[in-house]
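Structures are listed in the sections that come next.
Note that chain A is present in both complexes that follow, paired respectively with chain B and with chain C.
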Partner chain A sequence: MRAGKDDLGDEGLAKVAVVSKTRIIDSDVHPWINGDIEGLLPYMSGAWRQRFEGRLRLPDHPLRPPLAGATSIRRDARPPGGGAGGSDPLFMKEDLLDRYNIEFAVLSSIQAGKLVTLPNTDEATTLARAFNDYFMNEWLVVDSRYRLAMCVAAHDPLEAAKEIRRIGNEEGIVAVFLPLLNILMGNRHYYPIYEAAEECGLPILIHPTGTEGGFQTSVAFAGGIPSTYIERHTVFPEVAMGNIASMVFEGVFVRFPALQVVAAEFGYGWAPHMMWRMDQNWREFRREVPWIEHEPSKFVLDNIRFTSQPVEEPEREEYLLQILEMVHADRTVVFSTDYPHWDNDSPKNTFRRVPEPMKQRIFYDNAAELYGLGTLAEA
Partner chain B sequence: MRAGKDDLGDEGLAKVAVVSKTRIIDSDVHPWINGDIEGLLPYMSGAWRQRFEGRLRLPDHPLRPPLAGATSIRRDARPPGGGAGGSDPLFMKEDLLDRYNIEFAVLSSIQAGKLVTLPNTDEATTLARAFNDYFMNEWLVVDSRYRLAMCVAAHDPLEAAKEIRRIGNEEGIVAVFLPLLNILMGNRHYYPIYEAAEECGLPILIHPTGTEGGFQTSVAFAGGIPSTYIERHTVFPEVAMGNIASMVFEGVFVRFPALQVVAAEFGYGWAPHMMWRMDQNWREFRREVPWIEHEPSKFVLDNIRFTSQPVEEPEREEYLLQILEMVHADRTVVFSTDYPHWDNDSPKNTFRRVPEPMKQRIFYDNAAELYGLGTLAEA
Partner chain C sequence: MKHRVGHIGEIPDREALIVNVDGRSIGVFKVDSRLYAVRNVCPHKQAPLCRGTVGGTMLPSKPGELRYGLEGRVLKCPWHGWEFDLATGECLFGISGRRVKTYPVEVRDDQVYVEVGSTPS
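And then the complex of A and B:
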């Protein structure tokens, strides 16, 4: 839902009192580097700093969002002290964590998502490490409610695995953000990353990177190249569909049974059909994938999680309840705001749409289990 | 549903009496060329015959279906007189039309779907014309219940438009089968084809071609290359999603308001989510597509039709009813068997799953309106 209508910014604290009775984990929050990504330079060695100085860029998709200023960041999320929206951890603390009494916010960097535009593996790998050190040093220390989805460059899976083992057991690290190249996630290419993530007990987080359909290194959409932002945004689910099918049928979750994958911001209304279709196909074609010994939809229920934002806005209210039931949202959906993006969902906005028996699971428990943050019962 | 369980072949006439009370149009039936596509040679000029003689091939996808004999054709659909399954119009007449009292069967050639593997435009264009002449001469004359989705080669849209105008007004032609290149359907590339189809009152039919994810000319899937048949089959909906979004947002149905598109065999369980997502995005992004003056889901309801096969097999029976309601199946879904494919649906199989108030619309009326075959009321 767009900022300015019924969003985080328009609500006073009083109005969200009802939400505060439910504990909240926000699984999709985007911090920005202060001073754009030149701000990463202090987190590199001298030689790399020299190489990047004055020319550190991660290119934008040629199609910009049709929003004011062509930015996807809410204008009212800009810190009063200046800088880009989302670039001040203290302002975000007030504007998001305090306002909604959010216990944990999982940070992932949309800027890091653009690593996949780089054809150069060493550059991508170096930048990923700098991103991680930046957020550990500039954000995690500010408030213990911030948790980081560390990023890795998929270009070099062995180096990515090293990076996961370097910091993956730090207190504040709760996930691995994997910006996708145009290689489906079932491919062996990614196995070293999965091995390290599973070893550290970290879920893999995927998210639109803003590069899809734009670069030869980045994810392509099915059937050709979308030519408007609205079209690209509409077909994002393709990316999650393709990658989930790939992981399930290639047997990623047979090889890495404890591995969890969070599909953030891809929606989930399409997922029931996909689960049924996988099961239907498995009943006929299982001889092709003999390592899949039970209905493939079980892997979705056990190993895949979807974030709630953007909350579905169906034609009739009851359709959302039906979809939530079909997708087993009490296990598979975790709440997210997507703050500070233009279309973020306030907890209140999502809260009123989710049926009572699922609320605690979606707003807290599912995420607590996923990130190892402790469930309500344990608290 | 797979042949041999509860399929066309296992049922006697008596068992389907209940179905016969409802009139039936079958929107997805696949005839084969007798003697493989060398059978097309008599329908070409001497020079082309010379060029193709002894080397007329349309390549198969490197991944074959994990079915006996690696064929996707039901073995019991092979004509008693010999030849490939689906290659004898007299046997299909008995085995499909008579058995189920089907009033019209819309024929589309899966072999023609493979035209998109050809890098050579003249070859593709010539073959498309030969396919059409073959089926008009060998099939339409056998039984007036056969109707043809004529095919065109998308490689040369102007030649394709000529072909549509050459035969598009013939009695037996009811649709244009458009095997897709890896160019989304919203692109201007296809406009001459749409113009000719609209002029002749023919819907455009798209269908998996069996080439997706296999050739540089054919449709790519999102995010990379699926590596099993079960995975490919699971993600077919991506192709319809991407192409529908492309047509809607590029304004194809604004430019060609009477144009109808049949998405055959891509399922529809994912479509409600997509319609809601399009509308949600349009509320925010409409300044990017000012030619879209109402909710984009209306174009789906007005201009897109989905075929019923493979019928959804959800976890609970009621989910299918919910999905049918969400997708407005009383307007958008047309019945199909997909005979003689391995996973064809018998009318009975689909019939018992569709709620009573929608039966007449799905089994007959929606298709009758779509193909201009006259509705029940007019009959």
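And then the complex of A and C:
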């Protein structure tokens, strides 16, 4: 009569999963290192271990999610052996990859995203490198379905470019996670990073770092400082909007035509508006940015990808299909769970009413092309 | 039909004993000696609701004012944090019209029984 520990919630899911053959690549999965910097010490020199003596925790934004434990990590995703949800690659393999038959999961460390709170360039650069070595040694070797969005510290773009060239051609590395400082992405500051990423064929992945509006070096929100978690979580998309406008009009995709940018967890319901507005403004103000030789929305369709989670929940379900059409989701949207965060989407009950050809593009094909993964890439 | 799900002593305080009754995953809770049985599927995104937390919540109030209440009556989903009334299964304070199924529970001779309908709901 007792249920085993693992067959709980999927009872409900099983009912709705009408034997879908959809293949899945998950573009937004978050591993965790117990103890923050403490867990990274084996990946640092003795001198750097001394340097971090007594300050082994990375700072949290003071406005926490009003959930159990004030953490964004699902409490039911805690590994049986202890530690935080997302800290055990073997448990995640069972709880995510095996359970949903995910072919590849792209790991990005939001914990590493907190590097943008550090005012010290050498510290951020050293930690970024330690994060990468940790995940290559402790995660990528566990299961070849794990792939890594390696992280870089934007504080020193030349060192970041070196780091990309150091490991960017390894098989397990499929993207560069760029935690943003309060410098818009069209700024030349970042160009050495784009150059190295383009050279290695890696997309740049941006994601909320969770530090926005909380630290002087972190991305600032438009208009002022949100005062609650609900507020700051609601306005994350404005970070992507500002950065997309910046990249497009500064000509990043003219300078780096093969560069792909993944906007992870920023939503996409706003993207049609953004594209229309950019095009409208281009007709009016093209002379200000004469290097933009076609409608700017084309850069979004060609060079930018949006992850699906958290899937929009509009007033009427058909609106979701309309939004997907407007944003050309068959090219631009890649499926993601955001496991093990509280707002994760399960592959079994996401986009259930999306027509099969588009669904296949979102769940697999778009990501396979983006990261050069899977059988599509071989064909 | 009433199903025996275990001895009263097996039900932890404020943590669900998760049982399977006729193919339904159900969480049985004991809060201050009151018993509740709730379907272990969140009506929002089918999360394992009963692995969430039991506590109270902030009651509707004026801006800037905080009033905590319903201690021991609120089940909070471990995923999106939707809050349900443990006793009725209703979403609290109109966040959604959806509700989670709850079942009558009774204790006889220290054995706990959950009553479920004949077809899985």
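We adopt the following convention: the second predicted complex is superposed on the first by the 346 of 379 C-alpha atoms of A that agree within 3 Å, B and C clash if a C-alpha of one lies under 4 Å from a C-alpha of the other, contacts with A are read in each partner's own complex, and residues count from 1 in each chain.
Operating definition for what follows: contacts are C-beta pairs under 8 Å (C-beta built on N, C-alpha and C of every residue); 3 or more make two chains touch, one makes a residue touch a chain.
These figures come from a predicted structure and were not determined experimentally.
Contacts of A:76 after superposition on the shared chain: chain C is touched, whereas chain B is not.
Of the two partner chains, both chain B and chain C are touched by A:66. In the superposed model, A:226 makes contact with chain B only, not with chain C. Once the two complexes are laid over each other on the shared chain, residue contacts for A:187 go to chain B alone; chain C is not touched. The partner that reaches more residues of chain A, of the two candidates chain B and chain C, is B.
Within the superposed three-chain model, A:312 lies in touch with chain B and out of touch with chain C [touch as defined at top]. Of the two partner chains placed by superposition, only chain C is touched by A:344; chain B is not.
Look at A:267: by the touch rule set out above, it reaches chain B but stays clear of chain C.
Annotation: chain A residues 2, 65-67, 342-343 touch chain B in one complex and chain C in the other. Those residues of chain B that touch chain A in the complex are listed here as 2, 65-67, 180, 182-187, 219-231, 233-235, 237-239, 241-243, 245-246, 249-250, 267, 269-270, 272-289, 297, 310, 312-315, 319, 322-323, 326, 342-343. Per the touch definition, chain C reaches chain A in the complex via residues 3, 5, 18-21, 23-25, 40-42, 45-53, 76, 78-81. Across the complex, chain C is touched by residues 1-3, 7-13, 16, 65-68, 74-76, 342-346, 348-349 of chain A.
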